[in-house]
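In the two complexes that follow, subunit A is the common piece, with subunit B as its partner first and subunit C second.
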Partner chain A sequence: MSFRGAFVALSAALFLATVWTMWDEGWTRRPWKATQARFNALLASRGQPPVDEGLRQVTIPALDVADRCQTCHLGVDRAGLEGDDVPRELRTHPRREVLLGKHPVERVGCTPCHGGQGLQTKGVAGAAFAHGRDDPYWERPLLSRPFVETSCVACHAQEHEVPQAPRFNRGRALFEDRRCHACHSSRFVTSPVALAPPLDRLKQKTSEAFVVAWLKDPPSLRHDTRMPSFWPEPGGARDREPVAIAAFLGSVNDDAPLPSAASVSEADVKAGAALFDSVGCRGCHVLGDAEPVEPEARFGPALDFIGERASRAWLERWLEKPSALFPETRMPDLRLSATEVSQLAAFLAVQVRPSAQPVSTTWSTPDAALVAEGRKAVLRYGCQACHRIPGIAPAGRPGPDLDDFGDLPPERLEFAEPRPACEYTERECWTLARLQHPAALRRPGLDLVMPRFQLSDDDAQALAVFLLSNRAQPSVPRVVDEAALAIAAGERVLTRYNCRGCHEVGRDEVKTGDEVQVTPRGGQIRRRYDDVALAPPPLTFAGRKFQPRWLFDFLKRPRPVRPWLTVRMPTFSFGAHEPEVLARFFAARDAQPFPFDDTSVPPVPEADQPAARALLEKLQCARCHAVGAGGDVKPAERAPDLTFAASRLKPGWMRDWLRDPQALQPGTRMPAYFFLSDEDDPTSWSTPYPAVLGGEVSRQIDALVWLTLDLGRAAPVAVHPEGAHR
Partner chain B sequence: MEPLWRILSQPDNIPIALMVPLFAGLLGFWWRTARRNDALLAQGGEAAVRSAMDGAVPEGTPDPRVHTWPYLLRIELIAALVVTVVLLVWSIVIDAPLEQLADAARTPNPSKAPWYFLGLQELLVYFDPWIAGVLLPVLIIFGLSVIPYVDVNPAGSGFHAWRQRRFAVAVFLFGFVGLWLGLILVGTFCRGPGWNWFWPWEAWDRARAVPMATRNWADVFGISSSSGASAFGALTVLGWYGLGLVAWWRLRHRPLVARLGTSRFAVVAFLLLTMLSVPLKMALRLGLSVKYVWTTPWFNV
Partner chain C sequence: MTVTRLVFALVAVASLARAEDLSSVRGTVALKGAPPKTPEAKLPPDLGEKDKSFCLKKSPLVPPFYVTDANGRLKDVVVWLEGVKAPAPPPSTPRSLVNVDCRFDPHVQAVTVGDELKVENRDPLLHNTHPVYLGDKSTLFNIALPEQGQEVKKKVKKPGVLKVQCDAGHVWMRAFVHVFDHRYHATTGADGSFTITDVPPGKYVLKAWHEAAGTLSQDVEVTASGPAQKDLSFDVKPLP
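And now, the complex of A and B:
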C-alpha cells in the first residue's frame, strides 16, 4: 500500500475512533437516556406529564452515599405504578408507603439498604456485575431480594422485632434457638447460651445404647430436637466416633446408681396423665399431639417416647427440682408434692413406642483406647460448648467468630463442583449452601466439623439473612429508645423461659376490611382447659395491672393468687436481673412509670362511705372474690382475694377493669356492671344503680376502688409468706 | 485450562498475552537473519553482509539506500497513527480493571504487582526486600548504563549476527528473556493465593498450605554457631566473586579481554556474577530450602 493510501486510511480510522469515543461517552455510557424515554412514554400513555431528562443523584455524606439509582428507577417513589404491566425496573417500590415513607430516599438513599454500586449508570442492565451484583471487587454487592433485610439492623438493631423484616427476626431467633452462639459470636447476639442438658448422671438417666443411637442420628429419635447431626452421612466416622464418645461419657460418669423407685400402680399412671394435662407441662411440651401445635408448645423436648431415654428414678429426681440436676435449666420448678412427682414420673416412664421397652440404665466397662478416642472427638466437635461434661472445661467458642460474616471476603466463598442450584449472589448462595449442604463445600484437605442442623428452606434462608446482617454498616444516628430497649430485653427473657407457652402477652390485630382479627400472642395452653378461667391468665395488660414491686416479688417467689387452680405459676431459676427486666418490660409495653408509681387514691368523702359500702354489697363482690376463706363457689368462678389488691394492682387498671372487664380480658367471668347507654358513644357510661352516689359512674368506680384498696390496708398481706408451698 | 483462560482474559494481563507472541516473533526474526548473516560472515566477512543487506546493486543503477526523511519518518508517522488508533479503540472496548477501595486490613490474595514488576516481586521469594527491591534494581540500571562503556567489541555493528557477538547476545538472552521475562511469566501464570505455585491449568486452592521450613546455607553443612555461619557465608560469597579473578587469570590473553582492561573486566565480571547468582540462589532455595547464604547480625544475604 502506498504511503498516501495508508495515511488516508489511518487518518480516517483515527477520525472514526475519535467519533466513537464521543458517541460512547454521550450515548453508550448513558443508557439511562433510553430508560428515561421509556418512562416518559409510560407516563404519556397514562396521561401524566413527563419527567425532566437528566441524571438524578442523592448525596448523603453521613452515609457515604451518592446514589444515582433513580436516574433509571423513576417510578420508585411514585404511587400508581405498582401493576405487573409496568416494567419491573420502573415500578413503584413494594410497600412504598411504609418503607419509603419511613425511609425517604433523599435522607437514606438506596444503597444503604440494597447494596450495590449507587454511582453506576452504565452496564447495569443485563451486564455482568450489573449494579455491583457479584462484583468481587465491590465490597457491598447488590443484595438479592430476600437479603435486603440484612441491611435493616444498621439502624434497627435495638428493636426486638425489626419491622417489615420477618426473615431477619426469624433468623435472629433461630440463631439463639439453635445455640449457634455457643460456637460462633454474632454482633447482634449478646445473651448467654441456654445450655443443653449436662452430660453428668448419664448412668442414672439412660443407657449407653441410647447415647450411641442418639449421637448417630438425633432427629430419628426425637423429631423436634435442636441437637444437630454431626455425622449426617452414613458410614465413615459415624460408625466409630459415636461409640467412642459414649464410652468416654461412660468413663467420666461415676454417679452411684439411683435406688429403684417405689413401685407404682396403673392408677398412679392415670393420675400422672391427668397432672400432665393440667399442671402446666403442656405449656412447653408436647406428648401425643396428632395435629400441629404452636411453636411455644414445642419449646421443651417432645415427650412422646421419653420412657425410652430416661429412667423413672431419674425422672423423679428431675421433676422434684430440675435445677438440682441442671442448675442452668430453663425447666422451672413446679413445686410438685412427692406424690405428684411419683405419679408424673410413672406416667412419663411408660411413654415408649409399642415395640420398645422403658430404658434400662446399662453401661459397659469402657475400653481405655476407645475412651481416649471419644475424648478427642468430643473436643474436636466442641460438645462442651453446649453441654457441661465432667472433666472438660468449656473454653471460649470453638467455631469462628461471625461478627463480620456479612463482609466475608469473596475469595473465601469457594464452592465444590457441581454447585448447588441457587438464584442469589455468590455470597448469599454460599451461606445457604453452608447451612443446608455443608458437604457440598467440603473439599479434600478442608475438614468441616460444623454439624448439619434441621432447617427447613425458609429457616435456612432466615438464618442466612441474619448471618449476612453481621457486617459493618453505616447508619443514621438514632435516639436511643429506652422503651424499645426494655421491650427487646424483656422479649428475650420471655423467649428464654417460654412465658408465652402459658400466658398471652400481646395481641396481633390484622384488619381485613371492617373486620379486625385479633390473634393472641402466646397462651396456647388455654385451649386445653374446659374453662378459660382455669387456665393461666393473659398478661397483655400486665404493665397497667400490676404494681412493679409486686410483679418483681412474684416472679422471684411466686405466691399463688388463685390457689384453687391445678395449673400453677412455677418457680423459675431466673438470672440475677431477669425478674427486674420482665417487670420493666411490662411497664414499658404499657407506657407505665417504672420502678416508682403512685398507687394512692383519694379517700371517698366520709359522707359517701356508707353508700359506697352498700354498693359493694349490692354488687356481691365478695361472693367470688373470696375475702379470706372460699365458700361454696365453683372453682371456675372463684376470683382472687381482694385483700391482695392494695399491694398488687394499680388503681388505674382497677378503674378500667371495673368499667369494662371484657375489653381488658375477653372471656373473663368478671361481670360488666356498667354499660354504654348509647352503643355508638363511647363516653355514655351508665350505672344500673342510678340512686347511688348521684348515679355517676366515675364516682361509683372510685368508691369501689378505694374500698377494695382499703380492705388490703386493713388486713395487710405479707409479701413473702414463708412456707407457702403453692 | 479454564484457570489459564481466566488469567489471560484479565484486562491486566492483555499486555503479557500480547508480549509473548510479539517477543517470540522478534526472536525468531532475529534468529533467521543472524543465521543468514553468520553464513555470509563465514564466506566473505562483514563486507558480504553489508552488500547483501543493501541488495545486489549492478553498476550504473542508482544507490538503493534512501534518506531518513521522508522515507523513515513517514513510516514512523504511520506507526504512530496505528498505535494511536489501537490505543483509542482499546480504551473504549476494555474498561480499566478497577478494584475495590484499598483496605490495609484486607489485602487481595494474591497481591500482584503491575505486570512489568512481577519479575521483581518474584525475586522477593528468594531475597530480602533490600536486595530484591533496592540492590538488584539499582544494579540492573547501573549495568544497563555501563553497557556502552564496556562493550569494546566493534564487530557485528549494524546487523544481526550470533558468531561475532556471542557474549553480548547470550547475556541479553539470559538476563532479559530468561530472567526478566521468565520471572514475569512465572509471576503472572504460576503464582496463586499465598504466592504458592500453581500451574496455569491448576485451579487456585485458597486453602492450600505449603510447609515453609527453611534453613541457612551454613546449616546445610552442619555449622551451627552464629559466628561460624557468618564466616562461612562470607567465604561463600567472597568465593563466588573470586570466580571473577579465576576467569581473569584464565582469559587474560584473549584479545577482547585484553582490550577491556582490568577495571572494565572487574565491572563486567561483578555484574555478570551478580546476575548469575540470582538463578543460583533460586536453585538453592527451591532445591535445598536455603533461606540465607550469608547471615550476619546486621544483614542477611
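And now, the complex of A and C:
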C-alpha cells in the first residue's frame, strides 16, 4: 500500500473515530439525552410543547449546591404528571404544592433534601446511572424514599413537629419515649430523661421471683413496657445474670417491710373499680381493655396484672402520694381520700391472671458472690442510666454520643453475615439492623450491651430516620417566631405529662367536599363517660378562655371549679417553669397577649342597666350556675360558680361562649340562648327577647358579660375548701 | 340547556315508570311478656320550686319505657329497611319536638337527613333540649328555651340515633330521634302498626329498634304485586 493510501485510510479511521466519539459522548455517555427525548415524547402525547434539550443546572452558592437532577427529572415541578402512567423518574414531585411550594427548586435545589451528588449525570465506569448506589466512593448516596425526611431537620429543628415529616416526628418522640437519651446523646433532644421507677423499696413492692422473671423477658409480663430486653435470646447469660441482679437489688434494699394493709371487702374492690373508671386513671392507664385504645391511654403502664407485681400495702402508699416514693415520677397526685386510696388499692391488688396469685413480698437471703456478680452486671448494662439504685451512683450516659450519627463513615458500618434483607442504602440498612437485631451485629471482640427494644417495623424505621438526621451538616435554620417556640416548648410539657390523655388540645380538620371531618387531638377519655359534660373539659381554646394568671395558679395548685365531677384535675409535680410554659403555650396557640391582657369591659350605660339585669333574670343562668357562697341559691351541680368568672375568664371568650357554646366546647351542658334565624346564614343571630336592648344580640351579650364580671367583684367569692377533691 | 332539559325529562319519565312499581311494607310490632314498671325519677336536690310545682303534678312524670295496647302491640318502635339501592331523594318534611308537660313530644320519631326539626316550649318554665348521638356522643345542638311559646328550627344533617336530654335539672325527660339517610322508615303508633311506603321491589333487611327492647332484623321481599306484610315481636328486656 502506498503512503498516500495509508494516509487516506488513517484519516478515514480518525474521522470515523471522531464521529463515533461524538456520537458516543452525545448518546451513550449522556444517558439524560434519551430521558429528555422520552419526556418530550410524553409531552407530545399530551399535546404539550417540548422542553429545550440540554443540561439543566441549579446553582445555589449559599447552600453549596450545584444540582443537575432536573436534567432528567423534568417533571418534578410541573403539575399534571402525577399519574402512575407516567414513568416514575418523569413524574411530578409528590405533594408538589406544599413541598416545592415551600422549597422552590431554584432556591433550594434537590440534594439538600434527597442527598446524592448533584453534579453527576453519568453512570460509574461505563455502567448505567444508579444515583451512586453502586459506587462505594460516594459518601452520600441518594437517600431512600422513607429517609428523605432525615434532611428536614437541618432547617426545621426548632419546631415541635416538622411539617410533612411524620417519620421524623415519630422517631424523635420515640427517642425520648424509650429513653434513648438516657444512654445516648442526640443533637435534637435536650429534655431531661424521664426516669424509670427507682429500685429502692423493692422488698415492699414486689417479690424476688417477679424481679428475676421481669429482667429475663419484660414484654412477656407487660406487653407495653418501655423496658428493653437485655437478654433477648434464651439460655446463656439470661439464666444467670437476672438472678444475680435480683440478688444484688435485694441486698441493697433494706427498707422495713410495710405493715400489711387493713383488710378489705368485696364491696371495697367494687368501689375501687368504679373509682378507677371515673377519677381519671384511664387517661393514662389501660386495664382490661378489649378494644384497641388510643396511644395516650397507654402512657402509663398497663395495669391488667398489676396485682402480680405490686403488693396492696405498697399500692396504698403509692396512690397516697406518688412523689413521696418517686420524686421524679410523672404520675400526678390525685388527692385521693384515705378511703379512696384503700378502695383503689384493693381493686388493683386483685388484678391478676386466673392462674396467678397476688404478689407476696418474699426475698431470699442473698449470697455474697451472687450479689457481687449482680452489681457488676448492673454497672455493665448501665441500669443506673434509667433507674435510681441504692448504692450505685448515677453516672453520665453510658452509650456513645449520637450527635453525628448520620455522618458515620461507610467503612465503620460492619454487617454480620448473612446480612439481613434490606432495600435501602448501606447506612440506612445498618441503622435498621442495629435497632431491630442488635445481636446480629455482635462479633468476637465486640461486646454489645445495647438491649433490644420492642419496636414495630414502622417504629424502627421512624427511629432510624431520626437517628440518621443527627448530622453536622451545614444548615440554614428556619427563623421561627416566638409563638412557634412557645408552642414547641408547651407541646413538650404536654407530652411529658400526657395532658392529652384527658384533655382535647387542638383539633385536626380534614375537608372532603362539603364535609369537614374534625378529629380532636387528645381527650379520648370522654368516650368512657355517658355524659361527655362529666369528662375532663377540652382545652383547645384555653388561651382564649383563661386569664393567664388564673391558669398559672390553677396548674400549680388546682382548685375545684366543678365540684360535682368525679374526675379530678390532679396535682402534678411540675418543674419550676412548666406552669408558665403551659400558660404561654395556650396563649400562643390562640394568638393571645401574654402575660398581660386587657380584661376590662366597658360598663353598660346606666339607662340600660335595669333591662340588662332583667335579661339576666329571664335567661335564668342561676338555675345551673351557683352565684357566690353568700347567695340563697343552692350550689348547683351543673355549672361553675359565676363569681369565678371575673378572675378566671377572658371577656372575649365569654362573648363567644354566650353566643355559641357548642362551637367552643362540643357536648357542653351550657345551652345556646341565641340562635340563627336562618341556619344557612351565619349572620342571622336572633334573640328570644327582641324587645330587650333593641333586640341586638351583641348588645345583650355585652350586657350579660358585664353583669357576670360584676357579680365576681360584688358577691363574696365562693371558694371551695382547699384540699377538697376534683 | 336543551340537553339539561332532555335529561330532566328522561329522569322524570324514568321515575314515573318506577313510581307505578312502588310498593310498601307494613305490619305490626308486638311485645312478648309483661313489661317492667318504669321507676320513679330521682329528682336533683336543686330542682327549683317553680319546676317542682308545675312538673310533679304531671303523671306519669317519667315517660314509660314500654307502651303497649290491649293486644300487646308496642308503640314507639322505629322500623326501617336496609339495602334499598338507588333510593329516591328523601323529601324534606317539617318535624317537631315539643317540650310540653315536662316531657318531650313525640317520645320517639324517625326523620330523614335534611329535615327541619322545630323545637318548641309550651310550658311556663325554662326547658333545655340537648340531642346527643348515641354512637359518638356528639351533640347535635343544645338550646335553652326560657319562654313559653318559643320555638327554634334546626336542620338535621347527620344520620344516627339521637337521645334527647334536658340538662336543666329535668333528669327524667328523654326522647329519641332516629335520623336516616333514606326515606324508608316508620314509627309504630299506639296500635303497634307501621307502614313504609314508596318502596321499590327487591329483597331487603327489615330492622326494628326499641329504646329498651333492643334491635330486631328480618329479611323481607317486596314485589310490585302488593304490600309486603311483616309482623315482628320483641321479648321484654330489663330496663336500661
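The rule is simple: the second predicted complex is superposed on the first by the 659 of 726 C-alpha atoms of A that agree within 3 Å, B and C clash if a C-alpha of one lies under 4 Å from a C-alpha of the other, contacts with A are read in each partner's own complex, and residues count from 1 in each chain.
As a working rule, a contact is a pair of C-beta atoms (placed from the backbone, for glycine too) under 8 Å apart; a residue touches a chain by one contact, two chains touch by 3 or more.
Here the structure is a predicted model, which means the values were calculated and not measured.
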Which superposed partner A:W138 touches (first subunit B, second subunit C, both, neither): first
Contacts of A:Q164 with subunit B and subunit C, given as first, second, both or neither: neither
Contacts of A:S323 with subunit B and subunit C, given as first, second, both or neither: neither
Subunit B versus subunit C as contact partner of A:R412, first or second or both or neither: first
More subunit A residues in contact [subunit B versus subunit C]: C
Touching partner for A:Q609 - first (subunit B), second (subunit C), both, neither: neither
Subunit B versus subunit C as contact partner of A:Q57, first or second or both or neither: neither
Partner chain(s) touched by A:A6 [first = subunit B, second = subunit C, both, neither]: first
Of subunit C, residues touching subunit A in the complex: 44-46, 48, 126, 128-130, 132, 137-139, 141-147, 150, 152-155, 167-169
Of subunit B, residues touching subunit A in the complex: 74, 77-78, 81-82, 84-85, 88-89, 91-92, 98-101, 103, 106, 108-109, 193, 205-208
Residues of subunit A touching subunit C in the complex: 526-527, 532-533, 618-620, 623-624, 634-638, 661-662, 666-673, 675, 679, 688-689
Subunit A residues touching subunit B - in the complex, by the definition given at the top: 3, 6-7, 10-11, 13-14, 17-18, 20-21, 24, 137-139, 409, 411-412, 414, 443, 445-446
